[in-house]
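Structure provided below as structure tokens; questions to follow.
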Amino acid sequence: MQKGLKVATIGGGSSYTPELIEGFIKRYDEFPLTELWLVDIEEGKEKLEIVGNLAKRMIEKAELPIDVHLTLDREEALKDADFVTTQFRVGLLEARAKDERIPLKYNVLGQETNGPGGLFKGLRTVPVIVDICNDMERLCPDAWLINFTNPAGMVTEAVLRYTNIDKVVGLCNVPIGIEMGIAKLLDVDASRIHIDFAGLNHMVYGLDVYLDGESVKDRVIELLSDPENTSFVKNIDGIGWEPEFIRALDALTCPYHNYYYKSQDMLEKTKKEAEEKGTRAEVVLELEKELFELYKDPDLNIKPPQLEERGGAYYSDAAVRLITSIYNDKRDIQPVNTRNNGAIASIPNDSAVEISSVITKDGPKPLAIGDLPVAVRGLVQQIKSFERIGAEAAVNGDYDKAVLALTINPLTPSDSVAKAIIDEMMEAHKTHLPQFFN
Amino acid sequence: MQKGLKVATIGGGSSYTPELIEGFIKRYDEFPLTELWLVDIEEGKEKLEIVGNLAKRMIEKAELPIDVHLTLDREEALKDADFVTTQFRVGLLEARAKDERIPLKYNVLGQETNGPGGLFKGLRTVPVIVDICNDMERLCPDAWLINFTNPAGMVTEAVLRYTNIDKVVGLCNVPIGIEMGIAKLLDVDASRIHIDFAGLNHMVYGLDVYLDGESVKDRVIELLSDPENTSFVKNIDGIGWEPEFIRALDALTCPYHNYYYKSQDMLEKTKKEAEEKGTRAEVVLELEKELFELYKDPDLNIKPPQLEERGGAYYSDAAVRLITSIYNDKRDIQPVNTRNNGAIASIPNDSAVEISSVITKDGPKPLAIGDLPVAVRGLVQQIKSFERIGAEAAVNGDYDKAVLALTINPLTPSDSVAKAIIDEMMEAHKTHLPQFFN
Amino acid sequence: MQKGLKVATIGGGSSYTPELIEGFIKRYDEFPLTELWLVDIEEGKEKLEIVGNLAKRMIEKAELPIDVHLTLDREEALKDADFVTTQFRVGLLEARAKDERIPLKYNVLGQETNGPGGLFKGLRTVPVIVDICNDMERLCPDAWLINFTNPAGMVTEAVLRYTNIDKVVGLCNVPIGIEMGIAKLLDVDASRIHIDFAGLNHMVYGLDVYLDGESVKDRVIELLSDPENTSFVKNIDGIGWEPEFIRALDALTCPYHNYYYKSQDMLEKTKKEAEEKGTRAEVVLELEKELFELYKDPDLNIKPPQLEERGGAYYSDAAVRLITSIYNDKRDIQPVNTRNNGAIASIPNDSAVEISSVITKDGPKPLAIGDLPVAVRGLVQQIKSFERIGAEAAVNGDYDKAVLALTINPLTPSDSVAKAIIDEMMEAHKTHLPQFFN
Amino acid sequence: MQKGLKVATIGGGSSYTPELIEGFIKRYDEFPLTELWLVDIEEGKEKLEIVGNLAKRMIEKAELPIDVHLTLDREEALKDADFVTTQFRVGLLEARAKDERIPLKYNVLGQETNGPGGLFKGLRTVPVIVDICNDMERLCPDAWLINFTNPAGMVTEAVLRYTNIDKVVGLCNVPIGIEMGIAKLLDVDASRIHIDFAGLNHMVYGLDVYLDGESVKDRVIELLSDPENTSFVKNIDGIGWEPEFIRALDALTCPYHNYYYKSQDMLEKTKKEAEEKGTRAEVVLELEKELFELYKDPDLNIKPPQLEERGGAYYSDAAVRLITSIYNDKRDIQPVNTRNNGAIASIPNDSAVEISSVITKDGPKPLAIGDLPVAVRGLVQQIKSFERIGAEAAVNGDYDKAVLALTINPLTPSDSVAKAIIDEMMEAHKTHLPQFFN
């Protein structure tokens, strides 16, 4: 008799959990989950109860034999797990709010994967992920770690370089969002669209886009240069590209490219929004309160539609699609964060990249693209260096490396501003950065 | 109204053609072929008639609306084709017999892809392929060239380097034969076996082998070191590996590796066989005569089972599976000869490699493997160099380069022997090597 | 009888020419120059006369048998030359003033190798260099092209990619200036200092620095983090690094790194200077007027010391040292702009890099460094991409590529600002950008 | 006060020692050696005394203040050494004789760096070198290890991969022998010849050759294709190349290339010589006996001319020239075995290569060559793989890897022959291969 399938979800009290549950329900035929362990920490206990009970009601409604366990004991959850998913947030949204607010004082863009915000989310998160990996080595050495925790690029890089866990995939809903958005722009079903993705997390390019296998890149680029279409990725507002730029770039961008190719506009927009409606974390904090109020309703037994506003569109799809493909050795192609292994020539073989990969039981196998277009190679390399040095700073508690990482980030105007921001943020996040204060 | 699907098969008079026809019949649902043009040269007219009429009968029996055209006019056949397949043999089996006989006089292994035989088959074939590509550029620039003509590695390399045809795939039935053989050894259905192939044509390694997605490499290597199992690939006799060697190699070999890791034994075996039953070409010549006798039978309307003895096992499967996947943008994984594009680090990006690739309408996209195992990198590099310099010699009629290509081939014992063999073979093949005699 | 040594200097009317003359005089023993051809265009005729006559007086004073020719006929000058040096400025200093002024209106840093100024200097210069190379191919195919014309990185890249001239070296006085500056900081003779340079023109790093062969990198980095020492390179004011940044960077910077790691401060400083004393070009314009007044003095027969204020410190040394080493196959090590050839792993083999190289009669042979430090790889790659796409735009008159080049430049805040600046500058430089206005 | 210069020579009792002494005497002005420690093992005590006393007499005659110490205590010798040179032979010439004799029984070429002989010399030597490096780490961590012990390629690879000693250079007299030989062929002084060397130890190619800085490659290749000139490297008999081969190869070969491009002839020649005059080791054994008789003469106080017959031509020159250049940070160019560091693209960065390098106090810095010519890339890669896997087998006592290493060696005809030879040689060398017999 084969043992049942066990999934452990670290940060199980997240407002996203119903997404994941919906995913497991939808794909139960292909992925007959037996035990789902939602694990959280003491501070998240209340949320875990609320969302965990909703999860149970959802599964009950679906009439599926999945046991949902709620626990604060990570070891118990990890023991013999087949898949471990991570969606935790060290310091909660309050920490994210600081990540966003403080840099703006210095006129620097901040967000949870980019600039100072991305660095500090990494500095807080990486040591916890390393801990989890060390536990996994003992408790479930054959499990796959599916990481959704941001900054997914830096986190995946850290797992590859600083732990013994090889079976790790970083996942993001941006590529799937782009595919959906392009399908909508072209007014076709998303299943007919394929995109060759390559780059890094939140810095991924579409090197070509196909409709029924025929390249429609030129048509899509034409569409993308139309200001009407700048927000084609759900929940993400963009700013339109200059047609000359996007034509010459000759590749599809992701929404986060606005931070780099429209830094000034994005800074102004972000500052204005922060002033008028609060930063994204502050908005989400309110949204989450409402979500958890909804989740408490004992009659609710489906994923409430309001959750999609939260930013997690296609999240369940991306996540459970990946898990299902690994489990079933499906050998379909999905964009994931995995070891480069030579797929992109100018990125080191052992670094994490976000790239279209064949998903097998043996993990993702990236498709070789030769090299990135000349025009984007440098920016991608720079963000990769930021991620590597950030991960190193996080693991070793190395203050100098943190200053270096932020200085070489393209969103930072100087080493002095980098240092000033770091000093203020180190202080603000002190309790979650023990490695820097010993 | 969409135009129908047109395939042109160069060397249509080949005894293999019924294989291809069978493949088109089996997959008609997925690949609704309208016109099949079998084209051959004056010398092959009779065979073309015989095999072409069998083809017509096979299609009639299958009750499919495919028009089969027999022609000596290549231009007519190529015009607006969607796929061009090549299976011709310059100088026919008589030339192949010389490729095999002459080197044996010098105690050098000869075969149609390896050693002096491989070189001379390349020298005769490459100029014709280049011609076909030049025609295709004019007559069917969007068609895919599916090349089965040996030496498939050198030919694909030549197309990539010396023509403007980008849409080329080289195909071989060895990898599929290995998969079938391994499945049989493990006594499981072949659909449950996946192998990560990487290397060159007739020099391909299985870097890992999976049963239902789980690696069974160690088990398979154990099996391969058993002398009982040396001939697991259909129609190809092997010689058993020393267990220590194959364990330390830690990769699956292909039958042609016997030429390199068992040179001495293969030479003796080949000489013995040549003496006792004739060389392979001489055996096949007889076999073909019988086959064509069979083909003439006006009542025969299926592929005769005797054809499988000819060496073409799984050939139709490999060929039409590839064409169908391209046509339908299937995105399944098949081992093909395609541009490396960084998939294997130590081979140039623009060289042809044989590698597991995702088959899309936009062509094969190779899976990145990082690099070949240390132990095989050198031999693969050496054969790639042989193929490149051989292709160069063929295109330019460069005698010195021909000597160089053969001297660096691992089967050749010295530059002097290389030169002696080349001189004798140049003379023997004079009529088919005009580029060297002007 | 061997023919004498002939040098042709394009842009011979430059105020720098006395530097060069001094260099030839000092090293006459090693480089017995026979004919020096100073060539300029009609607009530069007056200056050519003035500086050319000073050159003649300098040589007369030195009592050397060097014939100085002044000419407006480039072909006559190039004919059978052994070395061609270029130091011309398309549009003269007036164009450079625009390069500097216009971007500042958009709050963008501009200088003759960086940002919009660098791009436009490239757009004006590259077509002229390509013309010169085409002439050289006909008139002096064996000559070495020694290019000092900025932007030296983009110009060298363009020569390597868009002409048939292989014998090209790009030269800059920044590395030698760094060596001199470090020697002064350490209070030792410059001959005792060696630096391993690698990177690009005006984006070069010192990977290690040696005193008498022993690494003193840590000591030098300590010194560089002292605000007292920020202007250690002659004539170039810097801004001090944060000690944490420079320690973690663990490499020596060049003065132009201030543009990237201190963008904000440099922008403010540049705007302030432009307001108070004029841009650099405007200052130099005045300086040059004075210099040419001095040069007119028929009693002047040496290089006037005021020239060093002009920015050309060590220029003669770098230039003639290079030429002498090539001529004499000296095999000493100098930092030059040359084909990468694998020396820096993450830069394409056929791109120009600035790197410590052995100078031989067969040209510079770069020392392999493996790869640049992780922290700098991205920025260097980005500038290389800027140079490549800028060169492409310049050669083809491709407006879209010009927008792309400027947008990916790290000094530009967005594609829209890039486009706005380009539109204004295209108009301003219209007469010198014929390739964009046909 | 600076401490004096100390050199420790492991295997000090070697017949080569007078070469080294002569070198130190000749270059004393540049390298003021204070203490020379000749160290050997118990079995070599007598020879150490004889050659050590000759060394003392040579130094006395030269009237130099160098103290020569003879010792069996390696630790005492290594303590605070500045340079450690190794020239030992595990198992003495008797072991070498077996390395040569046994493979011939199997019709396989054997020599102390190639084929089975090279492998077994490596298996015996690598563990000893690793031991010495471990001692150096404790006793003289700043010393340079100058290794002359063959197989120098495998040994240098092993030091780079399996020890913490970074300061290692492998040295060979073949490249200098080639330079001398070419100079003689061209009838010019050797100082006027420069060769760009790249490859591996005993597998090195001259990519270009210059006379006074001008390429004379074509002329030299013409000369090399003349059978008269096949033995241009002193003490090494060659066999002439076919002109077509060497012209198309377009690179200079080293004498050991005869083993690969003339395997058959070399095998016959070696067997004939072994039969008629004994193998090389057997010949040298006799020669050494005579040499040691000579060395005993208390009136002898110079290097006896007979030593040059022993095979060590230019040995002192190569060795002390290298040491002197390191010591004085000379920055001249010498061919040495050092870490590739990207100099040759198709060889891993951290592998040892033999390549023209700038010799600095910080060690050799290889010149980037891009990649080896297509024709030689494979063979070089194959030998590198042989060296790597051989070193791994030696360090770990891994029998399977030893079989793999020998099977992939181009001189071995099959895995079975490889295994048979290994079994016989393991037995023969049992006492010197403890790592395989525990």
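When the chains are written out, they are named A, B, C and D in that same order, and each has its own residue count from 1.
The criterion applied here is as follows: a contact is a pair of C-beta atoms (placed from the backbone, for glycine too) under 8 Å apart; a residue touches a chain by one contact, two chains touch by 3 or more.
In UniProt terms, the chains line up like this: A, B, C, D = 6-phospho-beta-glucosidase.
Keep in mind that what you see is a predicted model, and the values were worked out from it rather than measured.
Contact with both chain A (6-phospho-beta-glucosidase) and chain D (6-phospho-beta-glucosidase) is made by B, C. Each chain's centre was taken as the mean of its CA atoms, and the one lying most distant from chain B (6-phospho-beta-glucosidase) is C. With centres defined as mean CA coordinates, chain B (6-phospho-beta-glucosidase) is found 45 Å away from chain A (6-phospho-beta-glucosidase). Chain geometry summary: the mean Cα position of chain B (6-phospho-beta-glucosidase) and that of chain C (6-phospho-beta-glucosidase) are 54 Å apart. Looking at chain B (6-phospho-beta-glucosidase), no residue sits in touch with two or more other chains. The full set of touching chain pairs reads A-B, A-C, B-D, C-D. Against chain A (6-phospho-beta-glucosidase), in their complex, chain B (6-phospho-beta-glucosidase) makes its touches with residues 194, 196, 208, 210, 212-215, 328-329, 331-333, 340-345, 349, 358, 360-362, 365-371. Of all residues in chain C (6-phospho-beta-glucosidase), those touching chain A (6-phospho-beta-glucosidase) in their complex are 241-242, 244-245, 247-249, 261-265, 346, 374-386, 388-389, 398-401, 403-404, 407-408, 410, 413-419.
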